[in-house]
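Presented sequentially are two complexes of subunit A, the first with subunit B as partner and the second with subunit C.
Presenting the complex of A and B:
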């Protein structure tokens, strides 16, 4: 395979060092409650500007994967999920911690993460080529329908309230159309402001949505938990973190593989993300389990399912991002920003033309999961100390890094002001229960959707049926409609009747 | 009294001499510190890559460190405006492309943007515009296409990267000259999408630059039909020019370097001489040979100034007609 030939990068450059660095940063941000991997990457995004592209991409992979696992460590130890994706793991793992089995829970989490991440990366390596070839049969109308599907999924899956998800996505779509018309260079939605013709950059929106608004949110949060080592993790030995054979036998290869596959497929599905992956794998594992009564009381099977799935999501989410520029979740949305900073325009041809950059990135996805397990075994008993960090020192530093980084990358005071405004707006919206991920995805997907739509119509001379006559396009439209029906109408109605019968 | 006056005179002379001295010294010392290069397009793109490579060679011939700052936005208008507002001391130079010369001033995208506020140092690349087809297309020559278009007016599709843009206008002029009409399909995503559409045969023809279509030709996916330069293109000697076919079309996309208008002559001459010398640099030449695509020239300041004037006169007139006809809106 061509991709493996690019492995020499890891021997010739400090790429491996950066991978480890990225993993540590991601792990740290994932572990500290209130900080997320998304925040870590959005802070790093301006810095990647001056990095070599290979180094930048490899670092991002490290952060991505580290952040997912870091979140579940916090959940296991203090019952607060460090990242939304680890909510399910937290539920089961903290029960084990209460029973004094924190090391067992963390070890199993790390092991399942390794399995999920590694197999997921292998699947990506082998499927990326064939999917790229298949996507060469996708014409412009097909691409439009695919993006539309992504918008629909993003809209439906990310919020508690359907309507708020739709509104958040709509705001993102609107924001994406500010600036110059993509076709005729005419300014639009600029309110006559000359500075708005430069458009709103992805970087600005990312830093505003994830750094600025997050800091504002944290200002309001007073830490209620006192962190002490009630679980006795500090006294655990390395061997306690190795999953015992009995656990492995109980979980069984089928659970690992099934959860990995569920996570991977959820990753490919644009806009779904890690929380969705772990929830689905967990529910399926519960339904298929012989020890269903253990679930909710500290089930080792549940931890394995959830962790394997949310780690397998990472490599899966890379596929639509690389081939169509459609990010699978918020982290990949920011990695897309790293792509554009380095002039890499996603598309099936990119894989052939820039394999020298993408190869090492994919290989890094293969290496990092192994890193999760070994670092957990080696350093697991010290992880609790990370949580003791004083946040009053952390947040001012993060705020400064966010704005300085943004200025260094854009040289524009206007973009800085813009990012503060967006950050504040997102903070207010989040307080009202509007999700931020659909907003970002709407911002990214809007321009894609518009240009594909208008290009399609100019190819077909304005004939709208072009979206129905192409089989791919028709399939995507039908799937979007099904999603809309099931998630938007069927399930809410069913839940309504269920509530009434109580 | 007289002594005092003589004293004053001497003082004045001394001050005058001193200030002239510093001016001369400034020019003689140039460059005394790092030079900023404003790149109005994003990092990693075609123009960015080419101009960064050129700046590496210019660093050597000019004897100063040049650092590149990417200021994308408003179709390169943002970076161009920043260049116009910079101090005219020779420590800020900038790159410009077709859009900076035509699109931004024509549509008035950035207030105060005026190419008359710049002094052009020279032209680094000039890529003739070309028309390409899928390698397996039944059309063998440009005449085949035009004949076909005459029989089927308005049905044959041809791609560009933006309405009223650098690769749309040449086709409109061809339509006028040949008395045919095409169907124009815009791919704002850039030449990558054009290549993809050619490969999938979604759009049978593409109007692009040699550089834009080069990767597809190299991969065997596309074939050139005709070139819009004054003479045949060195890398593709078998491809005829439109002039040979009887259509007087002369279009291209260029990359030029410029400084703010009021840079002192001594400093300007130094930059121009160093830039001319940089095009002879072996490292630059090797880079060009490896990157392929051709179209690499050097035009000095005077020629570039004239070229910009001629281009603006020709294209603004054409675009005014398009606005009047309602094809594009201003």
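Presenting the complex of A and C:
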């Protein structure tokens, strides 16, 4: 019954139109090298103030999913991945393009994206309820350990250097602690600035981190000299984008399903993101394949594994964000901002109390993967035209939209100046190899972690063993310690040994 | 190395601010406990990073020319943020978008930024881009999303 109610809300509101609009924007931002879905959604964030919650959330889903798929299109056609998550797909798909099989590669990419995204969304629909019920048993110390685990994973899974990931997260934690103290309402760390008393807004940090810093980065990147259709995609017919039966047989349902599961689980891990999902699924597919020699030379199995995984990551990342306020990646971190703007507080009760809003969002996650496949078949041969837009129009527009959007949402010049400062700082840090995603996750998770820690100690009269006596808390702490050991000690040592012997 | 030092200085300033806050007791932690712990943790990590930087002795190649445009863009955007409320959306955005289009046109030039002279044609194209961006922004924020623009 609830499903029918949700479906009717989805169809009554202009949600489908917004979903398509969001998908198109996400696809465009994903496809143009240098632009990402994160940037698109950070530009949208201020606009959601004036949108109805259903349309805002549905548009976010469209951008999220469209951005992930869009990245693989330019990778397939011109060997430049539009988004980092498409690097693995690009490696295989461009080889097929060179062999004159661009439509086959794009069609398979879209088909695997549809399978991964659709099954991932189904898994989310089925698992949200049981996980929400389980999370009702979580007490405050359990919540602290869960957030701590998210912070540890975010620190470890990003960037080229472990230490830089830790420092970036620490900077986010520091920034998140500025403003009124949650317990005593005393202003802290404001450096004497009255405007900082209310703390630094998520919107300001998001626009600075992803929009301003990206525009600064793009000043170093030149446009492609010429974009010619050497792949011959403009001459392809619709049926060329439909995956042939032989390809489907070769890939097999196990590969699709396994990659989907890998992507889905990776999505649940905070900060892991689509790049890691696609890399892991590709590596496993290669290990299990009978045609290992084809990998790296244009393997259709490799494309399927990578695309199914990075699209299954999207619905997976929604679960911790919805139930615990812990974002799975940078895009869900910004979607969390949309939740905050519309007064939606993440937690198990959200599912019961606001199913009217979340239902359409979850339905949108089911519909968008299908949209990927059908738009690829219908418009695939026109995709190369996206790259013909002038950079000297695109980036000034993005800069204007970022600043005016922030002003329109806050009516504060101070927030605009603040976002520019943050953007400049993130640009400098990114150039030094510091990752930006742990910084944002640290900023979001820091206040949660502090609140749960202080509440836990108050409840237990200062007894620190409270974190070890609860089974959930203990489990989260053990997982954190395992992550710390594997990613922080074991793997770096192994890599160092391998490097020396090489 | 310079970035690590700046971050360390920032952490010291953060720790200094936190130092004046109450730490509280174990069963009732004050607002200063978490920032003080975090400040020391950051200083420890940045200390490790400094040692690592010294060991690696990285010789960085400068990005002087490109960085110059980042400063230009930063100053232009800062100017825009400061005049937007006073001058109003239309005039300030036309000016901002035109200058930004000129900057991007220049940095995108394959002959290199310095060798390119500013022709009347380039300026007119940037101005047209500025006008188009302003109109698009007005449609998006004011007409479509009903925001009150200055």
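The working rule: the second predicted complex is superposed on the first by the 497 of 502 C-alpha atoms of A that agree within 3 Å, B and C clash if a C-alpha of one lies under 4 Å from a C-alpha of the other, contacts with A are read in each partner's own complex, and residues count from 1 in each chain.
FYI, a contact is a pair of C-beta atoms (placed from the backbone, for glycine too) under 8 Å apart; a residue touches a chain by one contact, two chains touch by 3 or more.
All of these numbers come straight from a predicted model, not from anything done at the bench.
Considered on the superposed subunit A, subunit B and subunit C are sterically compatible, since they fit side by side.
By the touch criterion defined above, A:153 reaches neither subunit B nor subunit C. By the touch criterion defined above, A:444 reaches neither subunit B nor subunit C. The wider contact with subunit A, measured as residues touched, comes from C rather than the other of subunit B and subunit C.
When the two structures are aligned on the shared chain, A:461 is found in touch with subunit B and with subunit C.
Angle at subunit A (Cα centre) between the Cα centres of subunit B and subunit C in the superposed arrangement: 70°, in steps of 10.
Contacts of A:183 after superposition on the shared chain: both subunit B and subunit C are touched. Of the two partner chains, subunit B is the only one that A:136 touches; subunit C does not reach it.
Fitting both structures onto chain A leaves subunit B and subunit C with a minimum C-alpha separation of 8 Å. Counting contacts as defined above, subunit A residues 49, 183-184, 186, 454, 458, 461 meet subunit B in one complex and subunit C in the other.
Contacts from subunit A toward subunit B in the complex involve residues 49, 53, 136-137, 139-140, 179-180, 182-187, 194, 197-199, 201, 340-345, 347-349, 353, 410-412, 451, 454-455, 458-459, 461. Those residues of subunit B whose C-beta lies close enough to touch subunit A in the complex are 42-45, 48-49, 69, 71-75, 77-78, 103, 107, 109-111, 157, 162-165, 183-190, 192-193, 195-197, 199-200, 202-203, 215, 328-330. On the subunit A side of its complex with subunit C, the touching residues are 47, 49-51, 163-164, 166-167, 170-171, 173-174, 177, 181, 183-184, 186, 188-191, 212, 215-216, 218-220, 222-223, 225, 390-393, 395-397, 399-401, 403-405, 407-408, 413, 416-417, 420, 424, 427-429, 431-432, 450, 453-454, 457-458, 460-462. If you check the complex, the residues on subunit C that touch subunit A are 3, 7, 11, 13-14, 17-18, 21-22, 25-35, 38-39, 41-42, 45-46, 48-49, 52, 63, 66, 69-70, 73-74, 77-78, 80-82, 84-85, 89, 93, 96-97, 100-101, 103-105, 107-108, 110, 126, 129-130, 132-134, 136-137, 140-141, 145-150.
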